[in-house]
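Structure record follows, encoded as structure tokens.
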Amino acid sequence: MKKSIFLLSLIFVLALAACSPTPQGPKFEEEKINVYTRDTTSGTRDGFMRGIGFADASANDSVLVAGFITADNNAIMNAMATDKAGIGYVSLSSVNNTIKALKFEGVAATEENVLNNTYKLKRPFVMMRRVDGDYLNDTEYQLTLAFLAYVASNDGADVIANAGATATSRTGTWASQVSNHPVCAQDNSAVTLKFGGSDSVQKIAEALSAAFSPACGNVKTENDHTGSGDAHKRTQGGEKDGVNYKHIGYSSRFFRDAELSGPEATRTQMAWDAIVAIVHKDNPVDGLTAEQLTKIYKGEYTLWGDVITK
Amino acid sequence: MNNRKIKFSEIFLNGSVFLSTFLSVLALGLIFFYVISRGTDLISWELFTGNYHARNYIAEFADLEEKTYTMPDFSGDEEVYIVSRYGIALKQDFDLAGNGVIKVHYVHPQSPFNQMYSKEVGSDVVDLDAGMIFQRISYIDHPTSLSRNGAERFASELNDPQREVFEIFFSDLGGGIRGSIITTLYLIFMTLIIAVPFGVLTAIFFNEFSSNNWMTKLMRNFIETLTGVPSIIYGLLGITVFVPLTIRLTPAVNSNLIAGALTLSVIILPTIIRTTEESLRVVPDDHRAASLALGANKTQTTFKVVLPQALPGILTATFLGIGRIIGESAALIFVLGAAVKDRINIYEPSTSLAVHIWSMMTDEPANIALSSTIALLILAIVLIINVSVKLSVYLLSKKGL
Amino acid sequence: MKGSKTSLSQIDTIIGSLLMILALVASSFIVIIATFIAIRGILPFITDNNGLGSVNVLQFLTDTVWLRGTYFISTAYGAGFIIINTLYIAFLTVLMSFPIGVLTALFIAKVAPRPLAAAMRTIIELLASIPSIVFGLVGVGLFLPLIYQLARSLGYSSGAGSSVLATVFVLSLMSIPTITAVAEVSIRQVDESLEHASLALGATPTQTRFKITLLAAKSGIFSGAILAVGRSLGEATAVSLVSGNARSGPSFGLFETTATITSTLLQGLKETSGIDYDIRFSLGILLMVVILTTNFALNFIKRKVGNVHE
């Protein structure tokens, strides 16, 4: 029995020794960079990797640094709050004071810098509706158009800003336009508008739905976000008449050529979302360039010292 | 020398026994301590009865005469900001889901916020109550105040005499778990309705009607194998078999609670069959023989003589099944998804309490406070179930004696 | 009177066959599960997946990267490292929970005074009935920060605590009550005359407990371990919250992130069609095969070990 207990403790020690041997000196420069990334389904990852000029990595794990850590948005935020040697990226709307947001090419991620195009690490939020004549009834069609007008209005822009993204249009207050949409003067509580598409847009889309409902006859809304690919698929593509059909689909990337079959008027960009590289609050680094970020994600820089000195 | 060696090994072995026991007890202690310490803050009646999705309102002031308000003293409260111009106080706070919000802390009885015109179709007046959430306030010719910028700035902008309020956007609290509680109850009810009769009748077949041949042995083995199948595999069963089946047979067009209940039924079926069989087996054969001798047939004997005596066992099985239903997460995530709903319909997907935790833990930011509160609720139910099983077994065994 | 008797026995036959149908349905579920998952899971290997080409079986079983190439375009899936991770984690879990569980059982059955033993039994039963999602929650809230600190103080880097160790901790917590409950029953069933004989021969109570009682109960104790292995192989939600969901491996270091079959299965929920969704069913087959093989192997060992000493 004693022998077996000794054996057990031996195995434990061996297992401990098998850990990736990265001795951490007291100096930050000698810390190994812990690289965090979203998984390949993520629109944030696509935007980030394209933005830093490492498009190969947008949907391909095998070109990334060995030992990278996949996590969802929330896990990356939590990790950066604790992991002093970590680096990750999130959408600007998620940034809070528990982590440190880095400048990109020397420019801070602010609403002004996103709109005047000096902050380049960003991705578009776009929408696609069903084509004219492909609605169950005219009320649904009118409500869909009203929703798009609402999103483009000052009210829509405020909702988008309140959810952390930067709206691309402000066509005036909704109160001044609502008369163009007589459908909003009816009681629409028996109608349900269905929204889908990108899950990175989900928070903003839900906020827009919630704000639109009282502004347009208490129409019911349903947000079911599964991925940018479904924006086209479920409004104009193969699943448009299936059980998961949507009136409006959101995408967190510009639509691909294959998705542009419908008329131009059915597509619109509603916002920009800045993507921000984030690190632990105690990290002395303030900003990184596209090249530095690429080298970190490729694995050419493995220590924080590489980033600071090179 | 040898003696000392023995003594040393005695101490070592005894020590390891005590240490292990201590660790096991510590584990339970840690879990309870953690869940209670993180989960009790949020417990409130509103949490259990409230909607998860907040209802939004749009309104404008009815009349706007300048008044002065005598406000209560809030200097002792942290992060409370007074808007003396309109007689309200705002607080930087968190909603039930743990997100930062601007909560209405106080509304003066004469405040214009107390009597506003609703801008919604079909309703005319609406008033702001303490506990509600400000989304944003728009002004004529001034940028809108956003809740994102925090209560302090929101209050100071609202106080600015240059700004004339145009529209007020607010909502009730949201973040409640009523929908998930109802879903859990639905699931328990539907699953038991399917699984208990099914399981009990199957157990009766094995114990009363079947002869012990290779076929029943094989069938028993098949059912016993079900207990070893991990719940995530049941999830795959649900989406490949039960979801398409229910879409075909019911008005459902997507994953739905009936498919969830069917999946859960398969999960708890082996437990119900085994427990019922065990309690059928202890019914003395004399009782069967006596009933048969009196001219009753097998069916009558089984249902009128044997089954009533097995009721305590069936009850225990039911309780164990309820525990399993409440705790199940992986299978239901597959079959029903993880989108929290307020209006529950058995033909649509919604989340049970356990899946609500999963949804909160994978949300951004991870909502540990609300998750712990739901976990506390689940632990309490599981505890009650355990105690009642023990109690019923104890009472019935006493009665039996 | 006579007529009613024959009709009565006819009722028996009818009821009997009705019940048999129910029993047949109940026992066919395992067959339904196996068949449906096998069919869906084999499809990615034998069809061309809508023009993407079929998945290579050999690569799927051996590769060390989950997906080489672009998501939803490449079919180069590999789960070899995931199988190894899953078995490794189950092994470490048993290594950790088995001694603790068995010794706790020994304490309850032989050492503790009666009221304490009853209380302990209740505690173990309670632990066994706690749903796994609660273990996951405690794992995230309590273990991850602790493990992150531990790793740092030892000089290792860890992804904010998500690691092999965290997974093993959570799974051990879940396995201990299973092992204890089963072991306790079989320890109590050990023939007391054996123990008396040992004591009479001059062995101390401690020696008796370890050398006689535990050895005599070993078959039951082993069954408990088999159940625990099954549980740690099949657990999904708690594991995916603390494992870090690595995309390549295998990970042997205690502080490295990892991925098990179940946690990878749970990652594929966002889309509802396409190769990345279908491949989850292949993982389902893999999970069932791993569980069955492990069970057979362990039962075989159990029989062997049992025979040698009896």
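All chains are identified by letter, namely A, B and C, in their written order; residue positions are counted from 1 within each chain.
Just so it is clear, contacts are C-beta pairs under 8 Å (C-beta built on N, C-alpha and C of every residue); 3 or more make two chains touch, one makes a residue touch a chain.
Source: prediction; values computed, not measured.
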Taking touching chains as linked, do they make an open path (line), a single closed cycle (ring), a hub with spokes (star), an all-linked set (complete), or other? complete
If you tally C-beta contacts across A-B and across B-C, the winner is B-C
Centroid distance [mean C-alpha coordinates] between chain C and chain A, Å: 35
Just the number, please: Cα centre separation of chain A and chain B in whole Å. 29
From the C-alpha centre of chain B to that of chain C, how far is it in Å? 25
Mind pulling the residue numbers of chain A that touch at least two other chains? 1, 5, 75, 78, 244
For chain B, jot down the residues that touch at least 2 other chains. 13, 16, 362, 366
Shared-contact residues (touching 2 or more other chains) in chain C: 99, 210
Inside the complex, what are the residues of chain A that reach chain C? 1, 5, 8, 11-12, 15-16, 18-24, 31-32, 34, 36, 39-41, 58-62, 66-71, 75, 78-79, 82-86, 199, 226-227, 229-230, 244
Per the touch rule, the chain A residues reaching chain B in their complex are 1-2, 5, 72-75, 77-78, 94, 96, 154-155, 158-159, 161-164, 173, 175, 184-188, 210-211, 213-215, 217-218, 224, 243-244
Could you pull out which chain B residues touch chain A in their complex? 9, 12-13, 16, 53-54, 56-58, 119-122, 135-136, 138, 144, 146-148, 166-167, 169, 171, 247, 253-254, 339, 362-366
Under the stated contact criterion, what part of chain B meets chain C in this complex? 6, 10, 13-14, 16-21, 23-25, 27-28, 30-31, 34-35, 38, 198-199, 201-202, 204-206, 209-210, 216, 218-220, 222-223, 225-226, 228-234, 236-237, 240-241, 266, 269, 273, 295, 297-300, 323, 326-330, 333-334, 337-338, 354, 357-358, 361-362, 366, 368, 371-372, 375, 378-379, 382-383, 385-386, 390
Under the stated contact criterion, what part of chain C meets chain B in this complex? 5, 8-9, 11-12, 15-16, 19-20, 22-33, 36-37, 40, 99-104, 106-108, 111-112, 120, 122-127, 129-138, 140-142, 173, 176-177, 180, 204, 206-207, 209-210, 230, 233-237, 241, 262, 265-266, 269, 280-281, 284, 287-288, 291, 295
